[in-house]
């Protein structure tokens, strides 16, 4: 972490960058949040630990409109999102100084099963402990680092950054699960079970738009759900259309563009596993049109703006 | 179900597709033995005249050589119709083309089992 | 290579030669025929009625037995081959027959046409290969002019049998050539011999057979080969030319016939 | 909605202008009947059909939605139906994944010359949707239980 | 709320017999914004249009819905009517209550209910229709004709005579097509070459016609008025400017093995060849597969003997790119392959031939120098059997379901010519039906029977059996006598079905012209627009559209030319205003739309926008409306809904969906 601050200070002081985009301390170790730092002085609040799961790439859209370069810290998975925004001309590479930072897996408070959490320690980067210490109202508890990790880190897409100016820090192997296992489990259900599962999950949605706001692919200047283009504009749940179809349409709009960064599920206050929609599309795309990882490069054709004459017919896989 | 419908069902053939080209009759090795010729057989089915077919000897003369089935350009396949008519005669009228009493006199030294089996299938229920 | 083998009723007695030579030649050519236990007669003719099940069951049993052995099913007799292949096609493609037959059979796994039905000649052509067969010949039948007689059952209806070109087949000619003899092409080799009609209408069968035989004679054939016991019976009664089973010719060329005699 | 005896499905058929709409016209001029439950919406090309239209139809009470376009390779705009094919493949797969009955969505390629195919397709599609009964799931995905 | 008028057509009884039109009117008046509704027996008639005109004025209509036949029939009629009366033509919508309703339903209540719903959907849509203005695009005053047979030649000459440039692309070394292979033509028996050659010469000499032989269309892009076409000029290995057509090279060429395509493979030709004596251009090509020099590097005899140095072994294929305003397809036909008709022994006997092969045998320039001979032994046939409908009128997978149309007449011609020239040769024709509709056609057939003694037998042939003595035993049937006929013949001629040239599929795909299940090109309307493809700017000439004889082909070729001339005579074409348009405030500039645009109509500009007071430079998609054809692929790719299609907007389609599901 100190190395990152040192780098940020140096660049700010030399004037090479006008600001730094990173994570800022919260009240506790477990609630840092994304922030811009304009002065070396302000970097005292900079933090980088296991709870810095937030993907900063989307903030680079706004950063690109400001004067001067922005230094941004991207974890390996975040760099895919940045690259995807780059190929969609949403960010200005010229105005970014990208430091690829190492990652040892990111944590979710929601995975820590203790009541009355006061603070958590042991997640400092790069010196994270095997075991996290959790102070609670009822005494100190411990939990293995791995057990508190975000779902996405168990199926991490790799330690490599796909875009950067400089790399700082090592990353760890965190993969210990099959990325599509949960999708396959659902696919194996009967239609009735599938429907019951999704109905119960989606019924939790309060349409807070957190998923949409955090998603790097959901960065339209004006979302269709906020516009008159489809008669689907009302934010309040007065039209049942967006009420019922929001998540399906959101998944379709990001299909072939979603890097599977998992932010949607991370931020959902209701704990809906929203990544299961995106991952279903990714799985289908891989199976039907060849392996494709959004954001991995700038040239390859995206699956939904491409075709072959021999593509599968709609309804493929139906009984 | 009337007889004609039954013939269509058993044969799986639509006789209305026939264009009367006669290729079946041109190909039939039993043509000269038949009173109702293969192409006419189709017409009789269309005209619902199963009675006449039942009276004719044609059904018993078809060799099941499938030449008409192979060559029919209209997918009518008269051989299938003829065999279906024969099935109906055997099943419903209890008619038999061969009675057990006749058989000993017909046998010779060399007759293969295949011939007896086939004959039973073709003539009897 | 091992095949399930369906000899058929006639090969058990009147056409013993056809059977014995087939097995012996198979061993010589590197494949073997394992006779199915408890096979039942195919019925001689394919039951044309689309609504008939009972008469198709013996074939289904044989087909399923081969499936359970994970073997292709080989027949030598044209009629058995014809019936097995057509019933197999029904089991694969006609839902009604498939359902009713399986309901009756009560198998653990329903039979849906998985078995591949082969004629002995197809094994020679597609598995052994006529080139290899030629190499295996020890007594080439040089100078012999042999007419192939196909009859109906091997070829028609071609969309199901898919054995060879229904009007201008070549498999037997290629076979004859491989044995060192000269195949004689004559136009009536796929015309009907009269089949079962000969039991009652011998004159009609005689007329048909004579047309076939005299055509072959006209093209200088000195014998005819067939794969069908009934064709052999009908033709033999009306022919000055010798009518032989193709396996007999094969055995002769492979040097097996002498050994057995 | 309970299935009543005179329940009739609502079926929306999106047809591309060049092939399938003309195929439907041919079915009409050839008097090839199909159920009146089918209502056709003309679009220039199958690639004009946004998944939102299909979801909208379901949400508004459609019981089945079918998309018809030119045969792959014969698109009036060369490539439109290829994109439509990928989009619908993914959309349908998602609907299947959500537990929506498979028979409610279909894509069929119908040329201007295929009046018979158009009619047969609509007959079989309607029959399937009728068998499924009223669409509850897609109208109801988020209803609180 | 717009003021909408609804007009319900009876179409005589076509609609009114099944749909209660009064009820549709009654229900229309209950729709929001509908201020006027009426029904009329024939809305498309003059009187019907007057009713619309009056209603526009009287009720100050701002949108119109006509419930009638398919928009493919009369949308243009009603739009023009609206325009004449001061209403933007794109404020007219058609509810198709005939093809999509009255003609397919029998129950009046059911059909009426559906018609009402279709009316509602159209009303809902028209509320959201925007008045659109058609743009204009320039017309390239030049036409392309694909195929240089009689159809293509005639079309080209007619267009050229009107003063427009025409290119003919022909894949063979010479123009002339099938007609050049024929000996005589029915029903007048004049010599085919005698009437075709002058046409070929006329085309070649015409100042407005450029002929590209030994060439193929490689790629087509653009649209009506503005096609861009890549043409592959295959290497000829002979310099066209230098060659004098003396023919010495062909005489001297030592490679004589390749089958002569022009003679249907009945004899052979040299590796360097012109297909026939009257070939245009009279410049040979080298068959690269057969040429010894090109394959082994040795030989070079033609080069040695060519006095003008026209041989050039280094020639390569060349691609040229040309612009055209209109394209005519005239790709013609071939006879079907007979491999699936083994019963006729076509592959077994040299004396079983197709009718087109007989044309070559009868022709003085053919393999037998015009003598009627058996190809097996050169003997004159004394007994000839013709078999009709070989591969025509078949519903199995061996042949074609249609009637090939020309066979009855050319068989009568062949029979007559043979009986005339060789009176001691007997001719028997096995037929299913003799079809002779056409001027002087039946008289011609009757002459064959009455004056020339041709024996017509109603029935088919089941088998042709080659005999040891070289004769052919024909096993047929006489259905009128009800007896089998076994006839010994010396020659059997098969009236083989014709099918569209196999290349037509590739060409149709390039042109995005539709094709039917038999590979014939589809007309824009089977009766009223028979020479136009549904694809604007693409026209049909000759057998590529359906079987036809020479007079019909020439007539259709002229009709296609007239349509082309009508197009080229315009300086500007009205373009379809239903094009895509990006909303600047919503566009992300992400480029996804450009990735799916088949016309390259979308580009990106940096523009300053004012988004609710925030001024900033943004990357914005811009649609070139002259290039955009309005498919809508971009609209669905756009996640923000910024890209929309005019005339088929998101809101319009959703309004229709909502109305139908209401």
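For reference, chains read A, B, C, D and E in written order, and residue numbers begin at 1 within each chain.
Definition applied: a residue touches a chain if its C-beta (ideal position, glycine included) is under 8 Å from a C-beta of that chain, and two chains touch if they have at least 3 such contacts.
Values in this document were obtained by computation on a predicted structure and should not be read as measured data.
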TODO: Work out which chains are contact partners of both chain B and chain C.
DONE: E
Task: Smallest number of contact steps required from chain C to reach chain D - done: 2
Open item on the list: If I rank D-E and C-E by number of C-beta contact pairs, which comes first?
Closed with: D-E
Task: Chain located farthest away, centre of chain C as origin (C-alpha) - done: A
Task: Euclidean distance of C-alpha centroids - chain A vs chain B, Å - done: 75
- [ ] Averaged over CA atoms, how far is the centre of chain B from the centre of chain E? Could you give it in whole Å?
- [x] 46
Task: Averaged-CA centre spacing for the pair chain C and chain A, given as whole angstrom - done: 68
Task: Whole-Å gap separating chain A and chain D, where each centre is the average of the chain's CA atoms - done: 36
TODO: Could you list the positions in chain D whose residues touch two or more of the other chains?
DONE: 51-52, 56, 73, 79, 83, 87
- [ ] Check each residue of chain A and list the ones that touch at least two other chains.
- [x] 224, 230, 304-306
TODO: Spell out, as numbers or ranges, the residues of chain B touching 2 or more other chains.
DONE: 67
Open item on the list: So which chains actually touch one another? I want all the pairs, not just one.
Closed with: A-D, A-E, B-C, B-E, C-E, D-E
- [ ] Report the residues of chain A in contact with chain E in the complex, numbered from low to high.
- [x] 65, 87-90, 219-224, 227-231, 253-254, 301-302, 304-306
Open item on the list: Looking at the complex, which residues from chain B come into contact with chain C?
Closed with: 9-12, 29-30, 33, 61, 63-67, 69-70, 79-80, 83-84, 87, 97-98, 102, 106, 110-123
- [ ] Spell out the part of chain E that touches chain A in their complex, as residue ranges.
- [x] 583, 585-592, 595-596, 604, 611, 616, 619, 637, 639-642, 644, 650-651, 654-655
TODO: Would you tell me which residues of chain E are touching chain D in their complex?
DONE: 70-72, 96, 98-101, 103-107, 110-111, 113-114, 117-118, 121, 508-509, 512, 514-517, 522, 534-535, 578, 596, 598, 629-633, 635-637, 645, 648, 650, 653-654, 656-658, 660-662
Open item on the list: Please output the residues of chain E touching chain C within their complex, sorted ascending.
Closed with: 341-343, 345, 347-348, 463, 465-468, 473
